[in-house]
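Please find the structures below.
Next, two complexes with subunit A in common: one pairs it with subunit B, the other with subunit C.
What follows is the complex of A and B.
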């Protein structure tokens, strides 16, 4: 009766040891009071960290910023990626070269991207503020990274630039798998360009779109690198997202217990998001 | 219904010339089959008629109207693709009704037309299915239905049966022909399969390397091929070709193979200077045994039988030849057998250009 479990035990143990143990230990910090420079800390404090979290205005601000950051990054990455993929899907001279160039940002380490964009946005060395000023988009050639109202948009620009190729690559691959004859049949049936996009391209791309947006949302929401490099969450937490707030709490506040509580909250929110999307997807698949 | 006229059409893909000046007139209501080996430009010609590809030069007329500059949807044609090209996200009914919906036909009218086409093709029970839930034969029917529903001036078929198994192919061949008899619409049917061409066509257009080789009824092409290509492509087992010599004599043109007399043609034939010719004779026109015509001796090599008939491979003066017979023969390898050749079954070709010698 136990025998089947014995056969699967090694695999289960391995999964538990490599996946579950670190997660459980990480989450356990959230219920303790761990201050890095205080040797007397480390005691079990129950839900204290979470109670503090609910009262922490910085956390709620970071949560709001996380939504703005993730939605803007993923939304624009997706939009530009789709446009690029559609443009690259038709043959034109020099396509291979342009394709390679467009995919280049994806190969650059995030930290370099962040540094590069902070310089581009810095009026002392970068051209962008001067251009924006000349075009009338700004009242003065200032650094948006030091403007509390716009600081978050600096990393968002960098994120869009960096992540667009991901969508372009995956959507282009999906586009190229659509048989040409289906478009031709539709053309003969009388479908114009927009109608073909609506009734052929979109249904073919839908599964890829859903899965890439789902994955990228979690990925982007969890990635504080650009913000940490470009604004450190500032000025005055104006560009803080939850993921970067975890980092700030842990390494500037040195409050590991609280940082773990924030991280746990983020994981919970993302899990809820993922389950919702999977449920919607299942419902859509079931309907077909 | 409409005639299709193609005038001196050329098509180049970059430096590659795929169609090298095609002239073709297809009469209204005719079922024309475009046949030739893979890569000879059949699909390209069909796609030019459909408007999916632009000709490099020349003119295309459908129903007397020049269509070169019209997009596919304004040419009033329907096309059935080899891959069927069904819309995978739509069910059978929506696949068939798509063109009508785009023309803003009222729902009730669409349902009526699609219903009628579905009934004609035996698809009534499948209306709600998606293409992936259909067998190959059913998909083929949906593709046909999609074409019928549009009531076009002309039907274009691009190897529509190639993805079906042999039995299904035979059945669909018959059904497409019946459909054509009912609808009477001008049809251009592309295939690489000469049996499809022979069995389905009102007229066959034989093509090779971007050039039309011969146009005619199936039996005209079979009995009176214009050149070695048509002679060898039409008919299975294929026509035998022997390299031989022709010498003008008193009773006519005497043919010999490997120095041995083969037969004597009584009609006048233009023979090349050096006397070298390619002799063509169909495997079923050679009789084993002594008959009225000239008798030639060959050595048996191998017998292949299908039950209904046999193909006997023989060696004639060092050249391989096939004989098709419904007799059941027991032959041993190397056995000498007499062959009766009737001079009127022999075609002569120019070994250099491949053209027919008449």
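What follows is the complex of A and C.
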């Protein structure tokens, strides 16, 4: 039986050639001295790139920013998404239209989300700095994207705006799969609204919540687009996360060897994260 | 919601009030984009934070459409996204069909590999792909982007197509095969027409994915002649003298195909695609 292989081979070969092979090559670059535009480079340097990495203050800062970026984005996306999903779960007049409108940000291409928010935050053209100034949140209507202390929050706002509908969709689908009869039975038994939420909704929703948050964490940590578009990691690497640091190293620095070493470090960190999660899951399952 | 009429009224006002906040938050950035794009230059900076434009004009749209660079970027993006959508949907339909209809050795591993590629940080393949594509003449070429985007779309598109095939009874093509048709012929003539909505949805996803991609487009295609719309817009925004009006008009134009697609499929999204939508 070779028929299934015929059907799946073209897709599989293309995926292997453009992702699996480059991943292996990319990891090998991390141990070489590869500078674009420099034909004499390319020698094997062992762990030199990684030694440089450990001394690189920008990398450690990017690592710290990755945690802030991922936790803030995913945390707020989840919180707002859960509120939305709970509110959209019961029928009411106008629900279809409100739902379509609220989900719209998810369809906007990331680069445009980034550009749109950098315009909103730009005092020359956007209202947000003026509003923040009028409310006393800022001392002057400045652009937070050029403030090293707050620049990362620009992409975070954009990321929350863009990613909230995704959580709302996923959680809403999970909510709608809870059998209505359970709620009715609980109501007959005299359970109040909060009680029903705690003892029915939460336990039913928990598996979807955990899986979505975990996968989303990896995806958000890996996504440098909003930062590349809005701040390019600046000013002076202040808003750089590890993923955007790899990109700017490769794009501006043309230092492919070092960029690959940073990318490899990112992969290792994500693997550690994944293993920790699996370990925690096993421990929790074992306790039951 | 139960309780006395007054309590009910308060509950519903609260419900609609909070939802209204979300609606405003979702729409405001897009409204601002459209507003600036319609505000003529003479009041653009003097009244930049007025909620309504004092006067409306299409002058920025005329500037964008009259600008040959933007037309070129638009054309490049349409070619890249269109070909990507067709190619990835065809390949994904074939592999999705295999996963739906056959149990075969290695199936488990192939699915695993496809899932892993979805979880890997894309940035790690940026440098090797640049080095591989350079000598092959695939940098500064639309073909290079098409190959990359097609490959990146395939795993998700495959899972999507598989779920559509799973919804069609096996007996249909088995009956045709008993009548003497080959499986391939049964697939083309009987199964494919039934999955047309699924094919359209998959093509839409691949199109919008390719339409918005910026990292590879920036790195691989530095020449203006092969820049896609996102790259053109981003480079335009970093010039010394920025003209916000035309830039936002261009942004609105970039939004159009995506919004059309979104309103066609959004109902369908919540119903059926949530299981596979984890990638975002």
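In the analysis below, the second predicted complex is superposed on the first by the 261 of 288 C-alpha atoms of A that agree within 3 Å, B and C clash if a C-alpha of one lies under 4 Å from a C-alpha of the other, contacts with A are read in each partner's own complex, and residues count from 1 in each chain.
We take it that a contact is a pair of C-beta atoms (placed from the backbone, for glycine too) under 8 Å apart; a residue touches a chain by one contact, two chains touch by 3 or more.
Nothing here was measured: the structure is a model prediction, and the numbers come from that model.
Because the two structures share subunit A, they can be overlaid on it, and in that overlay subunit B and subunit C fit beside each other without clashing.
Touch counts on subunit A: comparing subunit C and subunit B, the chain ahead is C. In the superposition on chain A, A:191 makes contact with subunit B only, while subunit C stays out of contact range. Look at A:161: by the touch rule set out above, it reaches subunit C but stays clear of subunit B. Legend: residue contacts after superposition of the two complexes on their common chain; A:199 is shown touching subunit B, with no touch to subunit C. With both structures placed on the common chain, the touch criterion links A:179 to subunit B but leaves subunit C unconnected.
Annotation: superposed on chain A, subunit B and subunit C show a minimal Cα-Cα gap of 8 Å. Subunit A uses no single residue to touch subunit B in one structure and subunit C in the other.
Subunit A makes touch with subunit C in their complex at residues 1, 3-5, 7-8, 10-12, 14-23, 25-27, 29, 34, 36, 80, 83-84, 87, 92, 96, 98-112, 115-120, 124-127, 130, 161, 163, 165-166, 169-170, 172-173, 211-212, 215-216, 218-219, 221-222, 224-225, 228-229, 243, 246-247, 250-251, 256, 259-260, 263-264, 266-267, 270. Interface residues of subunit A facing subunit B in the complex, by the touch rule stated above, are 179, 181-182, 184-191, 195, 199-200, 203-204, 288.
Across the complex, subunit A is touched by residues 50-52, 71-73, 77-79, 81, 83, 85-90, 98-99, 102-103, 130, 146, 150 of subunit B. Those residues of subunit C that touch subunit A in the complex are listed here as 12, 15, 18-19, 22-23, 25-27, 29-30, 32-33, 36, 44-45, 48-49, 51, 91-92, 94-95, 97-99, 101-102, 104, 107, 110, 113-114, 117, 119-132, 147-148, 150-152, 154-155, 158, 183, 208, 211-212, 214-215, 218-219, 230, 233-234, 237, 244, 247-248, 251, 254-255, 258-259, 261-263, 266-267, 269-270, 274-275, 277-280.
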